[in-house]
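Chain IDs A, B, C and D follow the sequence of writing; residue 1 opens each chain.
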Amino acid sequence: MNVLLIIIFAITLIYLSMTERFPIYAGLIGFQGALLFVLSFIELHAITPVTLIFVALETLVFKVIIVPFLLFRIISKTGEARVHDKAMPGFYSLLFVTLGLLLSIVVSFSMNTSPANMIYFIVAFFAVYTGLFMIISHKKIFSHLVGFLVIENAVLLLSLAIGSEMPMLINIGILLDIFVSVLILGIFVMRLKQSAHELTMLKDD
Amino acid sequence: MGFLLAIVTALFFPGIILRVKSIASGRKGPGIMQPWKNILVLIRKESVFSTTTSYISRIAPAVYLSTVICALLLLPFPGMPSWLGFDGDFVLFAYLLALGKFLFILGALDTGSSFEGMGANREALYSMLAEPAFFILFGTLALLTGQTSMDQIFGSFQFSGHNSFIIGFIAVYLLVQIAMIENSRMPVDDPKTHLELTMIHEVMILDHSGFDLALIHVGTALKFAMYGLLIANFLIPVDAGQVLMNNEYLTINIGSGIKNYIGKEWMAVIQIGIYFFVQIIFAAMIGVLESFRARKKLVRNPQFIVTLSSIAVVAFILVLLITFKMIG
Amino acid sequence: MESTILLIPFILSFFILVMPTGMRYFYTLGVAVFLILVTSVPATEALLHPANAPRSFIAGGSLGSITFTVDSLTAFFILITNFTVLTGLLYSNGYLSSYRTTKTPAQFALHYFSYVWLHISMLCVLMLREGTAFLIAWELMAVSSFMLILFEAEKRTTLKTAVNYLIQMHVGLVLLIIGFLLVEAATGQFGFDGLQSYFAGYANAPLFFLFFAGFAVKAGFIPFHTWLPEAHPAAPSHVSGVMSGVMIKMGIFGVVRVLTFVQYDAYIVGIIIMILATLTGLYGIMMSIVQTDLKKLLAYSTIENVGIIGMGIGLGTIGIGSDNPALTILGFGGGLFHVLNHSLFKSLLFYCAGSVYKATHTRNIDLLGGLIHKMPRTASLFLFGSMAICALPPLNGFISEILIYYGLFAGMQVNSVFQTMSMLLTIMSLALIGGLALFGFSKAFGLAFLGLPRSEIHVDDNAVSHGMLFPKLLIASIILFTGLAPMFLLAPLLGMIGSQFHLDSGQVILPLIHVLSKISLTGVILILVVFAILILRRKVLKPEKVSHGPTWGCGYTAGNARQQYTATSFSANFAELANPVIAKQIEYTDIHEEEILPGGRTFEVKHEDVFNRTLNKITGYSMLVLKKIARLQTGNIQHYIMYAFIFILIIFVLLYLNVL
Amino acid sequence: MNESGYILVGFFVISFLAGIVVGLVHNKPLARILTVAYVVIHIAFSAYGWLHLGETVLDYFTFDPLGVLLLSILSVLTITTVYHGFIYVKDEEPRVYAIYHAVLIALVAAMSGAYLANGMTTVWIFVEATTLAVAALIYHDRTPMALEATWKYVFVCSVGIALAYLGILFLGFTVHDARLLHLSFDNITEIAGMANPLYLKIAFVFVLVGYSTKMGLFPMHTVTVDAHTVSPPPISAFISTTLMNVGFLAIFRIYALFSATSILTFMNHVLILSGILSLLVSAGYMLKAKHNKRMLAYSSLENMGIVAIALGVGGIGYYAAILHIVLHSFTKAGLFYQMGQSYKVMGTYKLDESGNYMARYPAGATALLLGFLCITAIPPSGMFISELYLMKAMVGSGNYLLLAITALLLCFVLYALLTRVLHIVYSRPREKPLHELHKVNPWQSTSQYILFGMVIFICFAQPEPFRQLIESIIQALPK
């Protein structure tokens, strides 16, 4: 079951890297949140109910509801629904992401972890890779935000893998959401419009 | 001893040169003592100083002369060591002359005339270029004889073996040439030239007059005698009998020929005789050279002077081969 | 107790910064004199009894203590340093008086503070044996002199020079550090004491040349000399005097100090030093001749003299290598004696140049001339110094050079073709250097002081105060004394060398005494003869017989001062000969035929230091490369993330390939 | 919960309250009084830390030597920073004034927590806190440029911190044991031995890269440089000293953890690589820096590179690293304060517009020169000692190539800094009209002199307790 969910998670990542439409980004982020929510129920059977409830609620409320909502809000405010100028066309980014998938598989196998964790490792690595890659390949700060969200999801995913042993790691990992909120706040402050390559006043090359 | 002899020589040295030149050019020419008469005249004459000049040009001739005198004091005469001689005295010898030249040049520059500047510049350049030749020559001799003071060098320099003839010849040749340069005669400079632009020595003394000029002339005469003495030191055997005994080649040596008949006590006399002979030959040779040889182009002079160094190096290599027993 | 006295001036020096303007100079003088007294006393006795074991003063308190060690070698240098620093300080008051209007008191305070600290650091360099302390003192010396150079920092060239200077000093420091560290890695001792055991156990030449390079930067051996001809002119003249007189000698001191420990392959070391020194001397004097800036000329002649000193040291080292005590003593004796002499006449010359600059506000010989009429005393002193530096008898320069000659001739009498050849070549070069020096200084003096002014320079008559004259006279008298009675100073020096290299200097000194006495005798005779002739001249040349007129222009009557020989033209024919070595550049724009009425033209001849040019090329190129590397700060946030991304990827790849 | 536990909690509670009060009550005098009081408390707190050296508190915190050392450095720099902060925000309206100080208090508290944290996760939490706090301070000027800098800082830092957390998670995988819930240091040392080295390597890489944002090390040094450009000088002083110490501490701790394991050489290589790259980049940038504060920022990058190399070389290099961190904190802080004053005097940070500082403000100019000597490790700077030790370590371990490269790059850095500092101090650019120039009271430079004085003091004498302290910090590391 959980393997299936994780596979779906991976597929959403690939989809993210291909698509150029903001609403889909928002939707997929929410969907990933939902996946993680379910996953946490399956994985964290061992831990104390209180923690479980906390984690689950946090995932549900923040990742599934608030963040996507804010993202849609931003989109509607900016009125731009798609990526106009990507650093590289979708085809190449797809190639890179696939490469990343292969890489993460190689790394995970070379780490000869327990079979149970293997899939987690692969997908987590893959997610980090994709997140970073999104940030690198996109110029809109909105996409950067999405990239960061992906990385954060990867962290959560990985922490779920050992959550049953030490749920504390999950709880702490959730602190990353503070950054998310700060970043979203930042986007609102920046009147939403700017894209990253307008933010190049500070440089000396 | 050498000092006195040199003084004596200096008295008629310039005269001989003049005389030879005039004879060579088919004139009767002045008497031998004519140059000294001129000098005496100069001493009595009053002198004019340029308003540009300072005390430098006043003292320059005096220093020039006195350095020559001191340098003379360093020179030995065969058989009898010089009064002031010591190990490495030829360094002092060279540097004393350098001192004289230094002030001489400054004296010329003191007048602020561009001609004299020119002359001073050339003088400085040529003497600078001539230094190494002198030092290589004496280095060579020092290596050959294992001595570093002049009287010992000359004392132990024997005409033994044909190599030493070559060396002796080269040494004498070099000394003659260096003497020419130092006294700015042919072929680097021509005292009789008429265009200031091409003069070296003569242009430097343009503004010296009267007593100072006399001093300079005396100095020049002494300098000639000094180099003559230096050369003579080569050719005069310290002890002709010694020479005869330990070498069979030496048949042309005048000293040895006479040695068979007369006793040692005449040695000194013979040596002095040879000395004057050499001096006269030297002077005459200069005269002949100057009358039959043209001055080099000024641009050629450095090249010519450096050639002396290379010749000296040849002598050195020869000595190397001898000292390290690579040849006879 | 004695030890703590050493530290008192260190503390006292800080009050220079807060002294009121009136008091400052005299307070500084007081501190310096105190320092001089405190150090000279032990130095003198150490020098007089070289056989004694080196004396150590342990100063400091609970926080840690420093050990100052005074042995005979140190003592010799201490005395030289003290003297020159004192004269410089005496001279500075008059020299800096003209800056009172333009400089703030803060700058004066900083200047004198740095001056005292230059003195302190030099003494520390001499007296400290422990590595860290020595290195700190070494760099303090560089920093304080750097601050001194910056006194006229409003000039752009001064800034560039200062930067250049500090960087090169730093490079030298790094070399020294590495040298000491290697010693420590091998022996566990950080400092000079470790060298003993290191040289006993390991290859000597490589480490020695590491140290040599480090010290050579300070001493100004080619190719490490490039800072020197820039820094000396940039600094105020008393500072130039001290820098050229004693500071660069610290490099020599370091070399000698290291040499005292060398045990194997001293022979080849000596040969290499000798070759390097010969080249240094020749290059220095050749560049010196073609300079038109008076102080730059002197700076290059400093390089030449370092070369001569180096010849002596190389000769001595060869002596060590071939177990020839005579060579060792003569070589080091000549070299170190020349250190003393050079510190004397070079400081004298720099002070004179400073007086000229103060009076005329220019150092360009092409503009000067006829100064001997306006400032006769300075002129005479400059002439005196030039004669000394040209090694003309009867002055001191000649003594040190004849020692070296003497050693070279002695070194020729050996059973090795190679050595004989090299000796002869060195003799030849030394002779050539002598001739060139004569050329250069006849130009320097003859054109700057004689003739007529070559431009409308206004000579400030009362620029040179008695306060500025006194130190020069002091130096001059010592030069004369050293020239006429060298044995007084030479005997302890040779004894010192003997004790440093564990030789019996006796059998060398005895013949030397004979030689030197003869030389002195000649000198005396020379002087007497000169005076005799002059007196005679006065007798003969009655005033009524003397008349004055213009210089004989060889028939050309309209001659003027502009037509005199200039420094450039004086060295022109030499420059032609030596062109390959001294890169000659002519800056002149040709007249095109479309110019019907050609405008004004300037014609400038410049000689660039070849080494400097190459150095600049290299550094400039590497800086270009570095700037090319620095393209990361694009201001584009994606790139920032990308660096991390790529970094991680690379690490992973290397990990996978088991490289890391 | 023992006495020191109360003290610790008390400290954080006080910080929290002080922050809240100052932030909510917009009243300048009150803010000033409270801040000063807080500084005093902080000093007292670090004094307490000295008294209870090596004590573990509530097993989330510990007064271990390194932590306490950095904590006391923080207290010292807090005094000066607060002092210069008062001068800097003197004329702001009360709200800004209050917020500034509130956030400052929060920042100090967060950094103190990070120093004392006893566990990867704890450190991580506090690092996150520092990021948020400092972001607010960077944004203090409210200019578009400040906004941009803040955004970049926050964004890159969050990515970095996320990566660091990944590293921690891998660590967690090596510790399949609920016994060691929080990855406490004293626990991990024995566990690290039995862990799978590859995990540790990957964990180390992620943590290093993640915290390189804070330590200002390559590859994520970029945003701190931008932050320096816009943030108020006192804050810049904090960012490039105490905040960098936080990053250093985090990296040093994990390094210390793993140093017992087989991956030591791997870590050394990575550190050296990162350090050399930092040196290279900083050298290149300083050669073309046109902005005084950015120049100093790059010099921080350079010094952190030196520290990283020192760690990587090991041996006495550890000692050098710690010493260098300490001295760099004092020196760089002083230089940034000086830059603030130079801005007041010259009205610009642009290099080609600034100049003639010596004539305009001698005390400051002298301080600047002194600071220059200190930062470039030229005696009498204490950093000379640390770099000497570094070279010693290199020679000891036979890294001659590394030594050559480092020395060469340092020479270029020296050249760059020297030319620029001399330009600021001496050169004469087109003068601004006098009314634009503020006079600065020379006594304001006193703090710099004191800081540099401490650095210089270290050059001549290292007090025995100080030496022992550093020894005790590095004793766990392999010799």
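Everything below uses one rule, namely that contacts are C-beta pairs under 8 Å (C-beta built on N, C-alpha and C of every residue); 3 or more make two chains touch, one makes a residue touch a chain.
Treat the numbers as computed from the prediction; the structure is a model and nothing was measured.
Taking the mean of all protein C-alpha atoms as the reference point, the chain centroid lying nearest to it belongs to C. The greater number of contacting C-beta pairs, out of the two interfaces A-D and C-D, is seen for C-D.
Centre-to-centre separation of chain B and chain D, using mean CA positions: 80 Å. Per-chain Cα centroids separate chain A from chain D by 31 Å. Each chain gets a centre from the mean of its Cα atoms; for chain A and chain B, those two points are 101 Å apart. Averaged C-alpha coordinates give centres for chain C and chain D that are 44 Å from one another. For chain C, residues that reach two or more other chains under the stated contact definition are 630, 632-633, 635, 637, 639, 641, 644, 652. For chain B, the set of residues that touch two or more other chains is empty.
Within chain A, the positions touching two or more other chains are listed as 107, 110, 132, 135, 141, 144, 199, 201-202, 204. Taken pair by pair, the chains that touch are A-C, A-D, B-C, C-D. Residues of chain D that touch chain C in their complex: 152, 155-156, 159-160, 163, 198, 201-202, 205-206, 209, 212, 218-220, 222-223, 225-226, 266, 269-270, 274, 280-281, 283-285, 287-288, 358-359, 362, 366, 373, 378-380, 384-385, 388, 391-392, 395-396, 403, 407, 411-412, 414-415, 418-419, 422-423, 425-428, 459-463.
On the side of chain D, the complex with chain A involves touching residues 121, 124-125, 128, 132, 135, 144-145, 147-152, 154-155, 158-159, 161-163, 165-166, 168-169, 172-173, 175-178, 181-182, 196, 198-199, 202, 226, 229-230, 285, 288-291, 294. Across the complex, chain A meets chain D through its residues 107, 110-113, 117, 124, 128, 132, 135, 141, 144, 148, 151-152, 154-155, 158-159, 161-162, 165-166, 168-169, 172-173, 175-176, 178-179, 182-183, 186, 189-190, 199, 201-202, 204. The part of chain C that touches chain A in the complex is made up of residues 630-639, 641-642, 644-645, 652, 656.
Across the complex, chain C is touched by residues 43, 45-54, 56, 58-59, 62-63, 65-67, 69-70, 73-74, 84-89, 91-92, 94-96, 98-99, 101-102, 105-106, 109-115, 117-118, 120-122, 124-125, 127-132, 134-136, 139-140, 142-143, 146, 148, 196, 206-207, 210-212, 215, 302, 309, 316, 320, 323-324 of chain B.
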